[in-house]
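Dropping the structure in here first, questions after.
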Amino acid sequence: MLTKQQIAQRIAQELESGWYVNLGIGIPTLIANYVPEGIDVTFQSENGILGMGPFPFDGDEDADLINAGKQTITAMPGACIFDSATSFAMIRGKHIQLTVLGAMEVSDQGDIANWKIPGKMVKGMGGAMDLVASADNIIVAMMHTNKRGKSKLLKQCSLPLTGVRCVKKIVTNLAVLDVVDGGFKLLEKAPGVTVEDVQNATEGRLIVEGEVPDIKI
Amino acid sequence: MLTKQQIAQRIAQELESGWYVNLGIGIPTLIANYVPEGIDVTFQSENGILGMGPFPFDGDEDADLINAGKQTITAMPGACIFDSATSFAMIRGKHIQLTVLGAMEVSDQGDIANWKIPGKMVKGMGGAMDLVASADNIIVAMMHTNKRGKSKLLKQCSLPLTGVRCVKKIVTNLAVLDVVDGGFKLLEKAPGVTVEDVQNATEGRLIVEGEVPDIKI
Amino acid sequence: MNKVVKNAQAACEGIESGMTLMLGGFGLCGIPENCIAELVNKNVNNLTCISNNAGVDDFGLGLLLQKKQIKKMISSYVGENDEFERQMLSGELEVDLIPQGSLAARCYAGGAGIPAFFTPAGYGTEVGIGKEVRWFDGKPHLLEAALTADFAIVKAWKGDKFGNLVFKGTARNFNPMMAMAGTITIAEVEELVEPGELDPNFIHTPGVFVQRIFQGEKYEKRIEQRTVRQKES
Amino acid sequence: MNKVVKNAQAACEGIESGMTLMLGGFGLCGIPENCIAELVNKNVNNLTCISNNAGVDDFGLGLLLQKKQIKKMISSYVGENDEFERQMLSGELEVDLIPQGSLAARCYAGGAGIPAFFTPAGYGTEVGIGKEVRWFDGKPHLLEAALTADFAIVKAWKGDKFGNLVFKGTARNFNPMMAMAGTITIAEVEELVEPGELDPNFIHTPGVFVQRIFQGEKYEKRIEQRTVRQKES
């Protein structure tokens, strides 16, 4: 099984030089720590910065420089600040090559739910609906099952949707899967995890073809 | 009869402190020279400046600072530069209190034509269609008749329209008129001009009520 | 065109119960602290507030929520505010949650005289309920309407007496487009300067969008998530 | 993310006959002089050019018109170009004249992923023919579609290697929104600088919108209407 850090590390392998990347709150944020040597990507935060750098040194934090998770950040040389309308113009206009975000549920058609549990939790969708509706390349980073052990990879989402037929790839603590016609295609499994383990943790349709290699980190 | 300068001077009397004003090419441009003492207005040019100043001193002209008529200009202290989308956001969003522009024809319902003579002259509408469709307060500055002596204040425009039912006031070499329900209401006439003269030069419906005072400049 | 007013009290004159307000800021970053304090003071209520977030329990718009001055919130994310969640789930507070990009674009549209536009965000979700759907380029889009407000209240870093504004860092966020969309727009700034002191080439919000401006005081600029790393020695 | 190319020739690689180009500038102010010269050189034709104006007879896009490289112009005002008027009236040149504000908004929309929006401009005129009309707030509006281009070519004052751009004065005009709307956007700049030299707080066009950048040479920056006043002595 992968740790959250390892999920981030595995997704970091998907990065390509020249990409602008939007990372959601939670596991996705960790990806910035694992950009492979020689890969040149620029991180966008939808509250209005391109070229987000690491956290500031203690004492250097600036209340006027935060990311979408409200964390204090720094700006890299060549960074650029803009307003929210421009930020989502970038996102909606497909100028951002990759979006990584967390989810509560994903369906085997690529629907995603991550903003609301009716009657219980309402945080709001933030920028997630804009991101999933526009990005061509969406990776979900999440645990394979929820705290009660129930699968988060479903035939159909039970929670209110964030977007329909948009998720392309999922990386969980158990596996790497692509959303293809017909269901979740198992590409890789975590070391020490069997195909059966993945199958048992997946309520939606799982497609297994040939040998499934281990995730390499 | 008023000269072009006097038409501009008369329109300048309409200015109120606090207004942002867009002046079209031709006679409207002259209005900036006649702002009454104590009246504080800001001129917008739709190519992207608020706070347009007078022409530069000889030798100070800057190819990167022009107005919508492509003339070299200066910027006043407190001026502000912006792009074309923002410029028309101001115009369309009704943040500009007065628009003054020239016209080839105006109808007695307030329609205006000023951008095209089919088969002969096609300059384009530039920003005029956006201006007339959005501004609440539109004054037309023009000669009462064209070069062939024909009225430019018509029952119906014969040329392709720039906008419908939008002109509020017209100042010509002969008269000041409001566009009201039912036609052109004659408010003032040029010194030395009779009501009959105005009537003869006006093809559209002219409304004359009581004494018509002379234009005072 | 001098738009300077003395303080938050003068700036907020005319704000009445039942009105719709837009308030700039993202989380607690770039929020109009002085005017929010004045709204608490003024005790206006039944407000509809358009703001990306709702502050935290004891700061930002949370202060208005504590006093139940807000009837309805139009926001994209409210996860930082327990009192908000409580009022919403109990039904005391009306809430219209909308995608962040649509919120930004709807404010921009309101200021720019664009009454409605199509966006892909929210199609197939609760957000799309009751909205016109149209397909462009093989993809479904929702028709979204412009947002405007009786008063827009924004916070800038510097501003001049004509209302020209400059923001600092990510405190810019929603402030520029909300400034465009207010019938009356109030700007509070950390530093009020003379016309001509700001470079005309680098103004974020042209003064034409601002009706009142004042220099605020005692900015707390609270940080929600202080994340730092340690210097290696 | 270094986007620097050597010169206009390298920047214009891939531009082919029949393509749609956007070109920044208002009149001759802020036009991409180097790339226009390269397009003449390259002798591509059947171009659809989206540009607010069409240059003058012997400069700007007029150079392409002289060589009949342009099949169709999408502009708002073309009054400064006799050759343009001649080709249009004779039917050699297709012309789509659209209101300046709609042109700006359509380019912005193209870059921002907004496929269509409503605007009041042009209702009741030739511009409205065949377009959907809808009333908002008692006023008729036209539905206008986004514009995009195979290549957008813009001219900035300064730019860094990541493509961040800064414009000077009214040479900004259409450049920022066209930069957003190109599948490939080329920026030519008067001065190319290192990342970090431009203040991140005051970038007009974020580098994400630019794919290729180079420092142009020999800018003529011709003035169309040199209007001056005399110093009183």
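In this document, chain identifiers A, B, C and D correspond to the written order of the chains, with residue numbering beginning at 1 in each.
Going forward, contacts are C-beta pairs under 8 Å (C-beta built on N, C-alpha and C of every residue); 3 or more make two chains touch, one makes a residue touch a chain.
Because the structure is a prediction, the values reported are computed rather than measured.
Colleague: Where the contacts of subunit B and subunit C overlap, which chains show up?
Modeller: Common neighbours, subunit B/subunit C: D.
Colleague: Between A-D and B-D, which chain pair shares more contacting C-beta pairs?
Modeller: B-D
Colleague: So, what's the distance in Å between the C-alpha centres of subunit D and subunit A?
Modeller: Subunit A and subunit D have C-alpha centres separated by 36 Å.
Colleague: Could you please state the distance in Å, as a whole number, between where the Cα atoms of subunit A are centred and where those of subunit B are centred?
Modeller: 55
Colleague: Where the centres are mean C-alpha positions, what is the separation of subunit B from subunit D, in Å?
Modeller: So the centroids are 28 Å from each other.
Colleague: Can you work out the whole-Å distance between the CA centroids of subunit C and subunit D?
Modeller: Chain centres of subunit C and subunit D, defined by C-alpha means, are spaced 33 Å apart.
Colleague: Residues touching two or more other chains, restricted to subunit D: which are they?
Modeller: Residues 105, 108, 112-114, 119-120, 167-169, 201.
Colleague: Return the residues of subunit B touching two or more other chains; collapse runs of consecutive numbers into ranges.
Modeller: Expected reply: 49, 75, 81-82, 88, 91-92, 134.
Colleague: Go through the chains and record each pair that touches.
Modeller: A-C, A-D, B-C, B-D, C-D
Colleague: Spell out the residues on subunit C that touch subunit B in their complex, using ranges where they run on.
Modeller: The touching residues are 1, 108, 110-114, 160-162, 164, 180, 194-196, 200-201, 203, 206-209.
Colleague: Over in the complex, which subunit B residues touch subunit C? Could you list them?
Modeller: Contacts found on subunit B: 17-18, 20, 40-42, 44, 49-51, 75-82, 86, 88-96, 134.
Colleague: Considering only the defined contacts, which subunit A positions touch subunit C in the complex?
Modeller: Contact set of subunit A toward subunit C: 45-49, 54-73, 75, 81-85, 87-88, 91-92, 111, 115-116, 119-130, 133-134, 160-164.
Colleague: Could you list, by residue number, the parts of subunit C that touch subunit D in their complex?
Modeller: Answer in residue numbers: 105, 109, 112-120, 134, 136-137, 141, 166-169, 201-202.
Colleague: With touch defined as at the start, can you tell me which subunit D residues reach subunit B in the complex?
Modeller: That would be residues 26-30, 52, 75-80, 85, 88-89, 95, 97-105, 107-108, 119-127, 157, 167-177, 204, 221-231 of subunit D.
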